[in-house]
Each structure stands twice: as structure tokens, then as C-alpha cells.
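Pasting in a structure now, in C-alpha cells, and then I'll have a few things to ask.
Chains: A, B, C and D, in written order; residue numbering restarts at 1 for each.
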Amino acid sequence: MPTGRRRIEDQIVYGISRPTGGHRAVNFRLNAPYVQMYGIVKRFPGVLACDHVDFDVRRGELHALLGENGAGKSTLMRILYGLYQPEDGRILRDGAEVTIHSPTDAIRQGIGMIHQHFMLVDTLTVTENVALGLKSSREPLLDLDRVEDGIRELSEAYGLQIDPRAPVWTLSVGERQRVEIMKALYRGAAMLILDEPTAVLTPQEVDELFVTLGYMKENGYSLVLISHKLQEILAISDRITVLREGRLVGTVPTGEMSRQELARMMVGRDVMLERTREDDIDVGDVKLRLNDVKALDVTGQPALRGVSLSVQEGEILGVAGISGNGQRELAEVIAGLRPIAGGSVEMDGTPISDWTTARRTESGLAYIPEERMHDGIVRDFAVSENLVLQEHTSDKFSNGIFLAFDYIARYSRQLVQDFYIKTPDIRTMTRNLSGGNIQRLILARELSRRPKVLVAAQPTRGIDIGAIEYIYQQLLEQRDTGMATLLISEDLDELLALCDRIAVIYEGQIMDTLIREETTAEELGLLMAGVHPQKQ
Amino acid sequence: GRSNQDDEEVDAEGAPFRVAIVMPSSTTDIAWSQSMFDSLTAVQAEMGGEDALKIAYSEGMFRVTDASAAIRDYAAEGYDLVIAHGAQYGNSVFEVATDFTDTSFAWGTSSDTGADRGINNVFAYGAVANEGGYVNGVVAAMLSENDVIGVIGPVAGDAKLYIDGFVRGVTVVKPDAQVNISYTGSFSDTTLAAEAAHVHIQAGADVLTGSAQQVVGAIGVANENGVAWLGTQSDQISLGPDVVVTNQIYNWANVIADMIAKIEAGELGGTAYRLTFENDGLRLEFNESIEIDDAVKEAARAAIEDIKSGAVDPVLIEEDDE
Amino acid sequence: MNTRLFLAKLIDVLLPVLAMVIALLVGVLLLLLLGTDPFEAYSALIQGALGNVSGITQTLTKATPLLLVGLGICIAFRGGVINIGGEGQIVVGALAATAFGVGFGNLPALILLPLTLISGATAGLIWGGIPGLLKARLGVNEILTTVMMNQIALRLMNFLLRGPMLDPEHVAAGTSIPQSAALPESIWLTRLVPRTLFHSGAILAVLLALAVYFLLWRTTIGYRIRAVGLNPHASRYAGIPVPKYVTLSLALSGMLCGLAGAVEVLGVHHRMLEGLSGGYGFSGIVAALFGKLHPLGAIPASALFGALLVGADKMQRAVQVPSALAIALQGLVVLFVVSSDLYVRRRTRRRVGEDGSDGPPAAEGERREESEEERDPAQLARGEGGTIQAG
Amino acid sequence: MIDELFTISTLIGILHSCVRLATPYLFASLGETFGQRSGVLNLGVDGIMLMGAFFGFYVVFEGHNLWVGVLAAIAIGVMMGLLKAFVSVTMQSLQGISGIGLYLFGLGLSSLLFKTLIGSVEGVSGFRQLPIPLLADIPGIGHILFNHNALVYLAYLMVPASWFVINRTTLGLKIRAVGHNPEAADTLGVSVNGVRYTTLMIGGALAAVAGASLSIGLQNVFQENMTNGLGFIAVALVYFGSWRTVGVLGGALLFSLVNALQLWVQALDIPVPSEVAVMMPYIMTIVVLAFTARQIQRPAALARSYERGE
């Protein structure tokens, strides 16, 4: 669409020239570094988050940033975006040294950032979110209509489909991310930092995102992509920088790298990427059964329209599906966090639909929530306190009234050891752990209870491969000891690697349940889109 | 006459007589507390100022614990007379009085001197407010043209004497006049009191009265609407120069002077004073700046005389209880 | 713990006191406005609060209700709710205690005393529990309800003290003074120092402070209250019945305030009368803050704030300034102390590293509290919480 | 008696009282709404009101024009707002408590100034009834709505005005954003603290005018602590209105209506015990909210002070 093209050109002139205010033509020299960072140092209480890190991004380049949880990726980029001040180091833009004290400065330097945890005001509409902080053409009044037009143009030009008038809280994760990108584009950013943008996206959304990023690259944007997914990085990045424990491991052209090599750079040892599993486990009797379960979502709309499935002892049943098709509700109904609107849930053959969450937990149900920062832990509790969140009343940890402190302490130290949770101490505030470690903490808490049934929602989202390897290992071990696992995930590779059977959920119904050996990613993909392969 | 004696005595000893007073609200509440404070300063002036009569005060002692601490302190500091100007201070007064038997105390709004409990260093004093209430009632009845009169009380059961007397006075003159009484449920809610005034006026009242420090708001409204206001306790004319017709004023001067005299004569308590028209403790002041129908003035004076002579007794009116 | 950390924490503890001093220095301006000699005034303030037995006992007497209310506030804060209803809860507590004590006056003291205290506590528990329930079940904001319930309680008191509970003797004497009959002398709390108001309620309060500390940091209930206060969602996921604990923290908070009322009646006035509380509900919040919202911190804190109140009154008497001055000074002190908190938080955060790695388990609560300071605002925010989906 | 209550004239009277009574609550609650929408809880409203009430009164008492009095109130209100902002935004103090400090400070200082500068309760002639030509003559409505003093009208004008500022201006957008997600606003270069300073100054000004509306509008007198805790009710009403200007209007009107009603019930001595009558406004407010309370959109960052990640 030629018109679309034209707009892009305009946009770029606009985009690149506005930050410096001057009227430079579009004759930017590709491969000239746009931003350079030298010897960046950032210290947090107890952690050296960045230890003399060098980093640079060229024009028209997509530079991937890779590293374990807590390696310092977000921090490095937050420094570039003016959210944190480095203790040491220099930042250059177009070869000239700049100081970036605040996001405002960053924006002025043409730098935009898509945060890992979205920075959107969800009570406001898309347009309002974009207009926020911008000078209005008719101060002091708002000029939302103009902003809206701008948004429509850009979304057409970059294939970013969003309804400018929708309140953000009604948007899907993918749409929210587009709003974030829109914010940056509208502000005429010449460089875009994306912190784990794909962690929260469905495969389709990931593809759409990459298309957009492609456009932007063509048009001379500098892009930084943080991700834990090696194949993605290998697929679309030009160069890769790897950090480990705050230090720079190296920057390499993507072409020369393999997943194995990357993994080694990241973790510092060989990582088993292909999980092979011996398949001769004997599945026992049914541990968890859902009969025609119905449930409503927050807005009162039906989210589960009669879901039936069963998980057997020693089996991992995967639930594949594009997020927002009822996965969250499914997990919550089983965990007893959402009232059941119809049908029944059985554990060990006994109906548990009307049991409290606590009772389900006591009788052997474990749950790894999707929103771990939000639902999985109390950020401001000590690690040890979070490790007994479910069980603190059980006679292991209390006599019903008083908590058994010393035991809890000993127990926590043990888990921290067994599950390799990276933390200074069991009394450290949990919020000071990196996301990967928080996930380990939750896993430790749930698995150490030796549950009969585990419901795990997106257990590896945003987790580095080292941690992922470990988590897979744990899940498989537990399975071998007879745990029945319901694994809800959008990552097909993950499902295909771990599951015995895979159920595909679409609009609150199970499209089909397939044996892993007899299905393919393609088939699953179609089902996830609501299409029955045989029917076409 | 008394004051001369005092002067002599003071001269004789030289050291000033030291009075301390503890009061629940502010010295400027134009109500209960202010009436006493003004009287004290009046006595002071009469006796010859600071070096004849030294006054120490603690205001805003609505918290009884604080008041009780203050009373005890003043006693300990050797004040000659410690006035506890509030009903709620009763406990504290007697408790301290038993500890400081040679200090004299006075307890407001009561007739209980604790004599029956063998305590004899406590005076008691109160105002027979229904006398002034009665007279104000008479005045109200005569002023009212559409025979509707509004009363703004603080808390039901409080200011009972005044209001009962007032109602009595009205009904004596105009048996079928309507007296609307409304309470704000608080002593200091000037906003609600003001609105209550509005309501009364809209409900047809053309004469208003009320008690407690909250009335300032109501007087403002009366003023704005040119509706007559009858004041009580402390001088409220300044607030409504054009509408405050009469003002029952508590004049504690004599009581104070008499207590001082008794104390210096070595009698530390036992007397229960009651402010009445008879002993000039109650005064009815007419607002000189506005001209008032002589008939009204006359009726008021007559009412006062009747009360003095005991011809009418505005006190016992338990039956017509709201 | 190592001495450096100990010193650091000592400074943290002393910072509020420093802030208080600075506030008083600013207060000098007010004194000059009144043409009083600041030096004289402040020496009177200190004298009055701590100078002699009477001063000290007054301070402690004042500190007793402040501590009890402060403890209630601590629980509420930890549970993520704000309790501005202390005032009303004190009043109903005092009313209930009096009603019971007078009504069943013929019971033996050993039974009557505890029952009287309990009835006071219960009344407070209900008065605090109602906002709790309304918040937990219907999402009615507790600031609104507690503010309103204060007014209702006051009017209820006005009514009862002039009607049903009015002292029969006074009715007889015709002097209808709004106060109840006296409680049987047998259950008056013993005065610890003769010729003062200082009574054994103070001991009770201190014991309760310990109890609350244990409740919050050593028991499962406290653990749940704190968990709910910090993250209702995660608490739900962990199977904690959130609405129940929201209600509970407000109810317990109210219970302690109600108890404060009962103790004031039993220890100081021996009957119910107007002006029994007059602001303890708010002062208690301040005391709790001075104590860093920690039950044990509340002990010295309430003593400190009590001293300020008592000293200010003494100052009014000594240099004869309007009572308003005392109030204004309190305001300044609160503003300065609450601000000084920032530095404590900053210092604490700088120590996070060391903190993780030292200190005996005994220091749990303390450590927790310390790092918790930085997020009390967050708790407050959550206290604001619109609604929490039931179950 | 009871039937009098339902005569047209009485109903008009009740509504007229209601409209007037709501004035101070409107000013104060709207002011508080600004603060809370930007994420700051200010419990000190009552203290600011008292300061406003005093300065408004004092200026008029000194013989100046009524509007000069209002300006004086605004000035002091802005200063009190600044103080609150400094303490709870810059110093990031616990907002609930710093508010109480502000309240005590305002309460004390206003009384102190009153004692030193004036000394005794005096009256002034404040804003007078200002019937709006023509409109005031409409039967019923005219008296209810258009027969009040200037400040009453101003209070009601503040409702659409506040709504407009919050929903139609760039400042309003910033306020809403800062109150809900300060981090997000910050990353877009919105000065979180700047916005909060602004809203607190606006809130202070409005609270002070609320005070003035008593001392030179409805009562024409100043007395120590004359607000008698009105400011706390005003804060409560913000929750009642769930942070919407219209909701706040509703809350103020409901509370005032019940108050007016109970005053009338008493005045017409309808056999309702006054003890009960005086409790009704508070009970009703709770009850009504309890039945209407829904998933309200409270500013997510309310009462949470903001500091960047580090």
C-alpha cells in the first residue's frame, strides 16, 4: 500500500529530526552507532546490577540483550531511559556525550522504552495514554481528536491495530503492548527498547510484533530487544549482547551463533536444550476431573463454556491456547478462587467444587499462578514467610496459634538450597529477588508439598533458560513420582516437550485433546485458532 | 459595700488573693465559660487589679483528665480558690478537695458541696437559668406577631432549665403560641445551629433564642433576616446589634466576691450559690441601640418582679417536658 | 547484631525525638507572636511533663489510653486498613463498660472487673467490626464509615448520659449533670501513686502491647493479618479468607480502642461522663506513628506524646497562653515527626544488604517492621481499598 | 405535625435548606477530590477550613471587601496546601497521619490568631441573600435554587468547573494518570510531584473557601473550631462520591438533605426523638453507600507516595 509507505517516510523524517529539533533529511548512515554506553556501573543494596558494562546500538539495527534473571538487562536499559542514574560510565548519542536524568531527557534523545511491566494507566483510553505528558495544541485544553488522528495514521503505517478510544483495561496484553509502542512512535522516538516484549505474547502476537519491528528496522530505527527466548533472538536480531551477573560476557553478530553457544554464554555452562523424556511411565487413576465446568470472567461474561478434562496420576496434561480463551478462569476454578457456574470439579474422585481454597490445598492441590508478582507472593514478606504462605497453619509450621519460627527458618534454608533460589538470606524481602528467582521460590513452595495435583499457569514466562531447564526438570521428576500436572501454557515447544496429552482450549471450550506423539505444532496452532484441521 | 471590705483586707495583707479557674470551653465562647471569665475580670477590676486579685485560667479543658490535672496543680501551687467551672468536673473537684483540705474549691452547675460527705472546702454554684428563660419567654411572646417562636438547643436534656422556663414564659402570655424547639446534637455545631435558625424562620418563627456556644451561627442568621433574638448566658448583643432584644446575663461577680470574703474569713466552702434575679446574679439587659416597645420592657420587668417576689415560680415544670 | 547496625537503628529511633525538638523550636515563633518568653514556656513544658512526680504520673496516665488506641491503630495499619474511628470506639467502650459495671454492681469484684473490661472491649469490637464488615462485604470505604460512626457514637453518648444512664442521684437532686452513676469502688483500678490519677491500667496496656506484638509476628492470625494487609490477592491465592481478616483487623483495632474507654472509666473517672475521650482517637494514631506502627515502639511513643500533651497543658497554666497554642504545637510536632520518617526509610534501604544477613531470629519482628516502614504508605493505600471480592 | 411536613411550602423549605447546607461540603469535598484523584489523601481539610474561615473573616472584620476576604482565604488555603504537599509529597510521609497533623495545626493556629488578633466573638455583615433576577421568581424552584448568597452559587458552579478541569484539560489528564499509575506518568515525563503539589494547592484553596463560606457567608462570625469536624465529613463524602464530581455533589446533597429534614422534623415538633433525628444524617450516609457501593474506580495510587525505582 503506497500511501502507507509515504506515511512511513514522513514519519521517519518527523521521527528522527524532531528529537534534535533540526531539519535533517532522511540521509542517516546505516550502521552508524546511534547510542553508545561505556563502563556503566549500577549498584543496588546488596547487588551490583551493572558492573562496567559497554553497550551500543546502531541505526537500523535490532540488538538483542540476553542474560539470566537478575543479570542486569532491565537495569542497564532503565539507565539508558533515565529511570536509574548510573554510578559511573558515559552515554553517547550520535557520538556526542549526553546526560539522561529522566525519561523526559531520554525521549528528547529519541529513546523510547517498552517496559517489561507495562507503563499504562489502564483507567484511561488509548488516546489519553498516548497524549499523556505531551504538549497539547490548545493548552490548557486537551486535543485528543488530533492525537487520535495521529494514532490512526501510525497504526496504519506500522500495522499496529488498536482502537484509540478503548479504555486500556479492556485491552489484551498484546494490544497493550501496541499502545506502548504507539506511545514511543508518537513521540518520534528513533530508538526503541523492548524489555521482554514476547514473554507475554501469543505466537500470533509475536509474529505481528516482529512484522512491526521489521518495518521499523527498515526505516532506520534502532531497536533493543530483551528476551529469554533464544530462537526468537536468533531469528530476528542482528547482534547479541550477553550479560551475566551484571558483567558483559560479550557482543556477537547473530549470524555466527547457535542456541547452544548462546546458552553457554548466558549461563556459563552447557544447558540441555532438548528435553528428552523416557515415555514408559504408567499413568495411574484419575486425580483431577472436570465435568462440563462453566465459569464467568470478571466482567460476568461466560469464560468457560462446559470444560471437561481429566488428569491421571503421573501424567502431564497440557492446556494450549491463545491467552484470554479461559485459561485463567480454568486455573482459578480448580484452585477455588472463582465460583463455579456449572458442572463439577473432582479430586481423587471426590467433588471439591464447594471446598475453600485452603481445604483444596490441604488435600494436595498445588497452584502456580500466572501473575506471580501479583498473586504468587507477598512482595514485602521475607523469603521465608513466602515459602510457607499456604501452609503456615499446618501443624508443621505452627501449633495452630503460634508460628514455629526456628523450624520455618530451617525449612526455608533447606528449600533455598534445594531449589537454588538466589537470595542473600531467607529474611530478605522477596521483592528484592529477580523474577526468575521469585518463580523458583513459588515452585519450591508448591512442589515441596509433594502435591497430588499441580496446576501450573505459564510457569516459565519471563524466565531465563537456565531456570527453565531447572523447572522442567522439577516438573518431570514430580511427574515420575506420580503427581498429576495440568500445565497451562502458550509456548507450544514447551507443551510438546513436557506433556503426555495436550488439550486445546478455545473460547472457553476444549477443541480437542491430543496425544503428544500424534500431534504437531501446526495442528495445535490451527486448533488454537478455533479451526478443526480435519474439517477443512 | 462588700468591695470596700475586700480592699481593706487586701491592704491589710498585701499579698493578692489568687484565684484559678478551669473551664471546658474558651474564654471567648460568648456563653458559659465567657460569662464566668468576664465576671472574674470585673471583680478583679473592682478590687483593684492584678495586685489585689490574681487570676489564672485553663481554658479548653473539655477533657476531664486534663481538667482534673489542672485543678490538682492549682491546688498544689497554693491558689486560694480553685474554680472548676463545669458539671463534668465534679469527681475531680471532690477528689482533689479531700487531698487539699485547706484550699478552697468551687464547682460549677451544682448545688452539691459535698458537705454531706464531710467535705467542707467546696463551694457550689449554679444559675437558675429558667428565671431568665421565663422572662425571655414573656418577651418573646409579646414580640412575636405570628405567634411562632423558635428555640435552638444544643443537646436534648441540656440547657433544660432555660428552655423549660422559656416555654413557660411564652405560654403564660400566649397559651396557644407555638414554640418550636430543635436540637443540633452538639454544643459547637455553629453550621447546624445557623441552619436551624433558617428553618425556624421559614417555619414562621419571628423570635428566636438558643443556648451554648453554637448559637453564634444562629445569631448571624437572625441578624441577616432581621428576626428578633433573645440571648442568654453571656452578652450577645455585639453579635446582633439590630436583633438581639434582651440578654439574660450570668453575673457571677457577687458569688465570686462573696466566696473570696468567706475564704478570707476562714470559711473554705459549704455554701451553694444560685444565680437569681433576686440576688442580682441574673440580669436581663435590653439592647439600648434598638428601641423596644415599652409594653415589652414593662412586662419583662413585671415578670422579674413576680419571680423575685415568688409570685410565679418558673422552676417546677416537669410536666410540660418535650 | 553488630554495633554499627545497632547504632544506626538507635539513630532511627532517636530521629522522631529530634524532629519533635525541631518542631518545638519552630513553635517559638508562635510563642513570640503571643509575646511569651519561649524559654520560660518550654521549661514549664518539660517541668510539667517530667519535672516531678505529679508531672510524670500525669504523663503516664495520659499515655495509657494513647497506648491502647495506638495498639489498635498498629493492627489496623498492618491489616491494610485505616481506623479513624478510635474516638467513637472509645466512647462506646466506656459506655458499655459503665453500663455493665453499674448494672451488675452486686457481682463479686473478681468477676465484675474482667467482665466490665470485656464488655467495653466488646462494644469497641462491634463499633470497629461494623466498618470492617461493610468494607469486606460491600466495599464501603472504612474512612467514611469510621468518621460517621464517631459522630453517631458521640450523639449516642449525649443521649444515654442525659436519659437512660443518667445518675439517679443527680436526677433526685434535680441537678441533671450528664454523667452516669459511679461504678462500685471494688472494681476501680488501683491508683499506683496516691494522690494522683496514675492507675494500674498502665500495666495492662503495656502487657497488651506485648500481646499485640506476639499476635502480629508470632501467631498465624497475625501472619494472616499482615499478609492480607500487604497483598490481598496473594493471600486469597494462599487460601486466606481475605474479607474475614479485613473485618478482623478493624474489629481488633476497635476492640483495643473500646478497652481504652473502659480503662479510662475504671481507672480515672469511675463513671461515664462527657469529655472522657476528646481526641484520644486521633492522638492514638499519632502515638502509633511515633512508634513506627510497631506495638513495642508504641510504648515509648505514647509516653512521649503523652508527655507533650501534659507539658503543653502545664505550659498553658505556667505562662498563661491560650489552649490553642498547645494544639498548634501538637500539629507541628506531628508534621515534623511524620516527615522525619523519610530519612529513617532512606537509611533503612541503604542497609537492606546487611539486613538480610544478620540478627537473631528474635529480631524478626523488628527487622520486619524496619523494612516495612518503606511500605506503610502502600498499606495505607491498600487500606483505601475500594473492594475486596468476597471469598 | 406530621402532615405539615408534606405541605408544599415545607418541602420547598427543606430543599432550600439542603441546597444551602451543602455549600461548605461541596467546596471542601471537591477540593479533596482533586487531591485524591492525584493520589494524595488529605485528612487535614478541617484545619484548612478553619484557617480559611478565620482569614476570610479577619479581612472583612478589618473593613475590607467581602471578595477580598475570599481571596485572603484562598491565599491561606494555598499555603496550607503547600505545607501538606511538602510533608506528604516531598517528605513522602504517611498521608493519613500528616493530614491529622495539618488539622491540629490549622485548628490551633486559627484559634490562636483569633485570640490575639480579634479577642472576642464579633459579627460582620457577610455575603447577603442574592436572588437571581427572574429565575428567583420561578415558583418553588426559584426559591430553592436561586435565592442564596454568592458563595452558595459559586459552590455549585465549582461542580461543573471541577469536572471540566479533571476531564477536559491536560492538567486533568495528568491528575488522573498520576493518581492511578504514577510510574507510567513519570516515564512520560509528567512530574508526579508537580501535579500533586498543584492539586493540593487547589484543594487547599477550595477547603479555605469552604471555611470562608461559613464565616462570611452563612454565619458571618468566627468562633474557635467553628467547623466542628465538618472537614472530616467532607473527606468522607469524597469516598461516598467515589471520586467523581457528580458523585460528590450527590453525597453532599444527600447528607445535607437528611440534615435539613431532621431540622424540619424537629422544628415542626413531629414526635421523633431529637436524639435519633441528629444521628440520621450519619446513619443514612453509611446505609445509602452500603446499598450502592460497587466496584468503584479508586485512584490506584491513592495515599501512596511516589519515588522512582531506586
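Note that a contact is a pair of C-beta atoms (placed from the backbone, for glycine too) under 8 Å apart; a residue touches a chain by one contact, two chains touch by 3 or more.
Keep in mind that this is a model prediction, so the values were computed, not measured.
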Touching subunit B and also subunit C, the following chains: D
Highest-count interface - the chain pair sharing the most C-beta contacts: C-D
Cα-centroid distance, subunit C relative to subunit D, in whole angstrom: 28
Approximate Å spacing (C-alpha centroids) for the pair subunit A, subunit B: 75
Euclidean distance of C-alpha centroids - subunit A vs subunit C, Å: 45
For subunit D, residues that touch 2 or more chains besides their own: 111, 114-115, 224, 275, 278-279, 297, 300
Residue numbers of subunit C (touch at least two other chains): 155, 158-159, 163, 322-324, 378
Sites on subunit B at which at least two other chains make contact: 26, 156, 185-186
Touching pairs - complete list by chain label: A-C, A-D, B-C, B-D, C-D
Residue ranges of subunit B touching subunit C (in the complex, touch as defined): 24, 26, 56-70, 72-74, 76, 87-88, 90-91, 99, 109-112, 126, 155-158, 160, 185-186
Complex contact set, residues of subunit A against subunit C: 45-46, 335-337, 339, 356-361, 367, 369, 374-382, 385, 389-390, 392-393, 398, 400-403, 405-406, 409, 423-425, 427-429, 432
In the complex, subunit D residues that touch subunit B: 9-10, 13, 16-17, 20-21, 24, 111, 114-115, 119-123, 125-126, 128-129, 214, 218-221, 223-228, 230, 259-260, 263-264, 266-269, 273-275, 277-279
Subunit B residues touching subunit D - in the complex, by the definition given at the top: 26, 28-30, 150, 156, 180-186, 188-192, 194-196, 198-200, 202-203, 213, 216-217, 219-221, 223-224, 238-241, 322
Touching residues (chain side subunit C, partner subunit D) in the complex: 30, 33-34, 82, 84, 134, 138-141, 143-145, 147-149, 151-152, 155-156, 158-159, 163, 282, 285-286, 289, 322-335, 338-339, 341-342, 345, 376-378, 380-381, 383-387
